[in-house]
Amino acid sequence: AGCGTNKSSEDGSAPKEGEKKLEDFSIVLDWYPNAIHSFLYTGIEKGYFAEEGLNLVINFPSNVNDGISMPAAGKADIGLYYLQDAILTATEENVPIVSVGALTQSSLNVVVALKDSGISGAKDLKGKKIGYSGTSLSEEQIKSMLENVGLSAEDCQFIDVGFDLMTALTTGQVDATIGNMVNHEVPQLEENGFAINYFYPTEFGVPQAYELVFLAGKDAVEKNPEKIQRFLRACQKSFGDMKENPDESLQILLDNQNAENFPLSKTVEQKSMETLLPVMETPEAPFLHQEVDVWQKNADWLYERGILSQKTDVTPLVVNLVD
Amino acid sequence: MKKNMPSALLVLILLMLWQGVAMGIDAAYILPSPTGILVRLWELRVPLFTVHLPATMGITALGLLISVVLGLLLAIAMDWNPKLEKALYPVIVASQTIPTTAIAPLFILWFGYSIWSKVLVTILMTFFPIAITVFDGFKSTKREMEELLFTYGASKKDVFLKLKLPTALPHFFSAIKMAIPLSVIGAAIAEWLGAQKGLGYFSKRMMTQLDGAGVFAPVVLLSVVAMLTVWVITMIENKTITWRKEL
Amino acid sequence: MKKNMPSALLVLILLMLWQGVAMGIDAAYILPSPTGILVRLWELRVPLFTVHLPATMGITALGLLISVVLGLLLAIAMDWNPKLEKALYPVIVASQTIPTTAIAPLFILWFGYSIWSKVLVTILMTFFPIAITVFDGFKSTKREMEELLFTYGASKKDVFLKLKLPTALPHFFSAIKMAIPLSVIGAAIAEWLGAQKGLGYFSKRMMTQLDGAGVFAPVVLLSVVAMLTVWVITMIENKTITWRKEL
Amino acid sequence: MLRFEGVSFRYPEDELGMMEKLSFQVENGELVAIIGASGCGKSTIFRLINGLEKPDEGKILVDERPIETIKNYSAFMPQKDLLFPWRSIEKNVCLPMELAKVSVEEQGRRTEKVLAQVGLLEYAKKFPKDLSGGMKQRAAFARTLLSGADMLLLDEPFSALDYLTRVEMQEWLLQQWVHYHKTILFITHDVEEAIFLAKRVYIIQDSRPFTEMECIEVPLDYPRNREDLKKAEIVELKESLIGKLRRSVSL
Amino acid sequence: MLRFEGVSFRYPEDELGMMEKLSFQVENGELVAIIGASGCGKSTIFRLINGLEKPDEGKILVDERPIETIKNYSAFMPQKDLLFPWRSIEKNVCLPMELAKVSVEEQGRRTEKVLAQVGLLEYAKKFPKDLSGGMKQRAAFARTLLSGADMLLLDEPFSALDYLTRVEMQEWLLQQWVHYHKTILFITHDVEEAIFLAKRVYIIQDSRPFTEMECIEVPLDYPRNREDLKKAEIVELKESLIGKLRRSVSL
């Protein structure tokens, strides 16, 4: 294993020796595999990636931001990450990254609290302990929600709980968490017998966004766009299967799950799938489609909130490689 | 000053190398340059020095203090009573092999996000090395000297005070010097598990934002503080122990 | 066997206490009971033993090996050349104060999810203590003995082989025994930072699911392995070093 | 009174026993020398008296009480100086008094006196590593004298001293003995020293294990004079003692 | 040939110098004794010859070459035994030969022979801690003899030995000397020993710093006989030597 500074040379220029020899293509997920990732497993199972000459290697993130840092450092071909965080990191830290596709057309991120806590909207968050995954935007989202309802965020406590969003909430370590997915955490908590309240940050002034986007290294996209195109094509094909036959797709996911590590509940994932399918592809936008406009709106909002230090044109961040 | 020249030179060369490589890579989120780190340290001086440094220092100081007291007590107890030694020593050695960091998340369930969950991690990291090193120090007293004291009718306490304590003193210093970095590591780990302030927390936060220089700034701060402490202790040691090669 | 009785008894009492408290709390995610952990260990035996244990052992073994080799080489080099010592020793001591864990997330950016990012953390945790302890061992040779060898016309190499090496041997053993638990902790930390397998990783995942017994199962496994290794090394040490109190 | 009653002893490392059913006794206030070939077991006898080794068989009594039951009955000057490197000479000499809880002023007084007598006053503040071999031996001797015990066990106390210093130390020891009338056992390789100092001389002979020690009375009264050593009977005694020293080692 | 040329030396810890402008010389193949009061600086002279201390002034030459430029010219037997605790007696004795790259068989042969001569053959496999004080001293002596150097420096080599063992060791040393004709310097407190062994005796007198050593020729030829010591002139010499030993210490 080498020290990877000359990142693109290994990935980009591997010669294709016919159909047999598959090229490794590594992806870093945003979270542990769940329904939203079904299409990837389906694609592997059905050989769609192999058809494109790719051997898809799925990595789970070990840090919350691996989805952006690994492709940026050239240690992965693609990563799944959150749109607003991607804008922030890419512009503020000059991380050479571009988005090559959107996974969902709307936000899924919700604030969750136990019913007992009496938190049912942004106004109740004042002075509470709020757990988040360490993405700095979560803090800003809470603050902006509070200000949106005319409160100040002064005495909110933010606690970085990493991947332990659900446990921090259920064990009473925090009063509310942000960074839960409406499709997964919500039904999961309900199935586990917790009565919860949840609400979207978008209800309180945070702009709609493609929750998750595919990020690739700028270099890699410029030097070898074709490789990523192949990946995206296979994804689209896989998503087609997922849409056609969600149960089969889910089953493949469940078969591939790492039960000892992150067991999935079939009923929860079924609910999740129901929530997801309508937002991953809409009548207006096909799967993976993204509009620079949505990006720009978010960037402008970030600037207004004082999070982005400059007004930024995000056009270079968005590259549509397939349609 | 003069005798530190070679070392200063080496550090300088290493820093220059680092700077060179960092400038070559030119991606602060992969490897920030030393100058970049310094700049960031300056920019962040207010939160770092007023909030995060005190928080981490509090954890390490408290943790170290408790560890030293506990470790010494345990070492003394084991030296005092062979039964206790037989019972405790293997357990201590064994307990040292427990990867405390792995169960550290549980501490948060026990103590919440209070300082104690972090102090506990620090204690668990430093307590065992101190106890064992000091105890080994007690054990390494010269047999013949112990016998001599015994013939003077020395009580156990006398043997302890007059012979074992001086013999173990160098070990005690080594233990402290070993424990300081460990306590810092312990605190950094603890702050990862969940904290609202502290240099470890700060560093992690910067990592999430891929702010490489920001990751290093608190690390540099922490190790400067640790270095100073180790240096002070070495000074005290050199003043105290003049007979190392004569025993 | 018999001489381990007190220790076995103590462990038993502690375990029973633990069991009692755990049953009192009756919330495995806060404090699992020892029996619960054993049951879980049994249930999880296949993935633990076939996947995660080998992964972690690989990291620690590789890390330790490199650390020992590097640490010894460095200690020898510093002993060999006073200039090197002057240059390196302060740097090594200082570098020990760097909370490596805090910058460890960067290693993943350097080495990706390969084993090397984890091995690096392990090395950084164990390398310095080994180098320093062994070097201190070299330094603690008795002055008069060194002088004697010198009058025999011993070369530097001779003094090293005939005097310093035997003198430092006990230090070497201490260093190894200290490094083993540290390497395990290092591996556990590294696996936290990013891994797809390994006992530390496994334990962390179990935490996310609030499976308290599942958190402890790999921890128990790890420390049993570490304990066995330390035990083996202690056996070797006792066979080798019969003159500790005579020097 | 010190009494060995049928004491047997063997070092676990050795095949042959050291001594078997050894009995002898030393009265209170006696000054007794032990001589014998190198490695014959002299130091071992001291180790037994001090309780540093346990007899395999038999009893060792001091004032009719088994030594296991009493404390502080003897002061031992070992063959090696065993000065503590972290204590100055002064502090080293104080050690037994510290243990006996002697007041600090008293310690200071006695230390000063004894250091003057062994000729180390100007070295009081130095550390053992700065002293010559003979000086260290004198410091160890001074330390032993200041322990309050009634029985002194001296293992080759003057071996590293030059002739004159040695003679002075011997004379000084005799004075001390006459003054305080402590029981003194000492090991020496210097037959003349044994005769000059001791009332009785025990000789360990070569057989291994040895079962008895021959005892020879020195026909001199105290106070003694160096000139006495030139008396014909004493010169003869000396020759006969040397003759009696059969080595257990085969050269 | 060993020559001191105006050597001055002072331990940094001391105020007073140890020696000043000291000059003397020892011919190759000579056997020379050094006597002097305890703490007068005898061991220090050996440390200087060995290069363990550097003279503040003056030169020390061996065979006309400054000692800094040569190696392996002397074998030193220190006052303490300094046996390595991790080596058996056998291995301890081998040490200088290992350093001189003597073949293993040769080492074995010589070790066995010398151990037999010092009466430690059956202790060859034992470790230092299992030996008596005198035995350790003999082991250290054996070790020194086996170092190949042409000049032996013996610091009180026989101080811990009983009279008979000591006499035998002395005689054996003389034999060795006659046989190999090495240069031997030894420190002793036993004036008789000095006279019996040495051709010349250096006496260090009390003034501090000392500037010269008085040299006395022993009027005896080699090989010598113990009986010679009873000659009137030798007895007289002995008395006069003792008379000359002025202590530098004030008792």
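Each chain carries a letter (A, B, C, D and E) given by its place in the written order, and its residues are counted from 1.
In this text, a contact is a pair of C-beta atoms (placed from the backbone, for glycine too) under 8 Å apart; a residue touches a chain by one contact, two chains touch by 3 or more.
This structure is a prediction, so every number in the text was calculated from the model and none was measured.
Chains that touch both chain B and chain C are the following: A. Counting hops only between chains that touch, chain C reaches chain E in a minimum of 1. Contacts with chain B and chain D are shared by no chain at all. Comparing the CA-atom centres of all chains against that of chain D, the greatest distance is found for A. Top-ranked chain pair, ordered by C-beta pairs in contact, is B-C. The centroid of the Cα atoms in chain D and the matching centroid in chain E are 27 Å apart. Here the CA centre of chain B is 51 Å from the CA centre of chain E. Averaged C-alpha coordinates give centres for chain A and chain C that are 38 Å from one another.
Multi-chain contact residues of chain A (touching two or more other chains): 63, 69, 73, 164, 171. Across the assembly, chain D contributes residues 80 that each touch 2 or more other chains.
Residues of chain B in contact with at least two other chains: 29-30, 105, 109, 192, 204, 207, 212, 246-247.
Every pair of chains in contact is given here: A-B, A-C, B-C, B-D, C-E, D-E. Chain C contributes residues 144-145, 147-155, 158, 162-163, 166, 169, 241-243, 246-247 to its touches with chain E in the complex. On the chain D side of its complex with chain E, the touching residues are 11, 13-14, 35-39, 41-43, 79-80, 117-120, 126, 130-135, 138, 155-156, 159-166, 168, 172, 189-191, 242, 245, 247, 249-251.
The touching residues of chain B, counted against chain C in their complex, run 3-7, 9-11, 14, 29-31, 83, 86-91, 93-103, 105-106, 109-110, 125, 128-129, 136, 140-143, 174, 177-178, 180-181, 184-185, 187-189, 192, 199-200, 203-204, 207, 212, 215-216, 218-219, 222-223, 226-227, 230, 244-247.
Here chain B touches chain A in the complex through residues 24-25, 27-30, 105, 108-109, 112-113, 192, 194-196, 201, 204-205, 207-212, going by the rule given at the top. Against chain B, the residues of chain D that register as touching in their complex are 50-52, 71-76, 78, 80, 82, 84-86, 95-96, 98-100, 127-129, 147, 149, 153.
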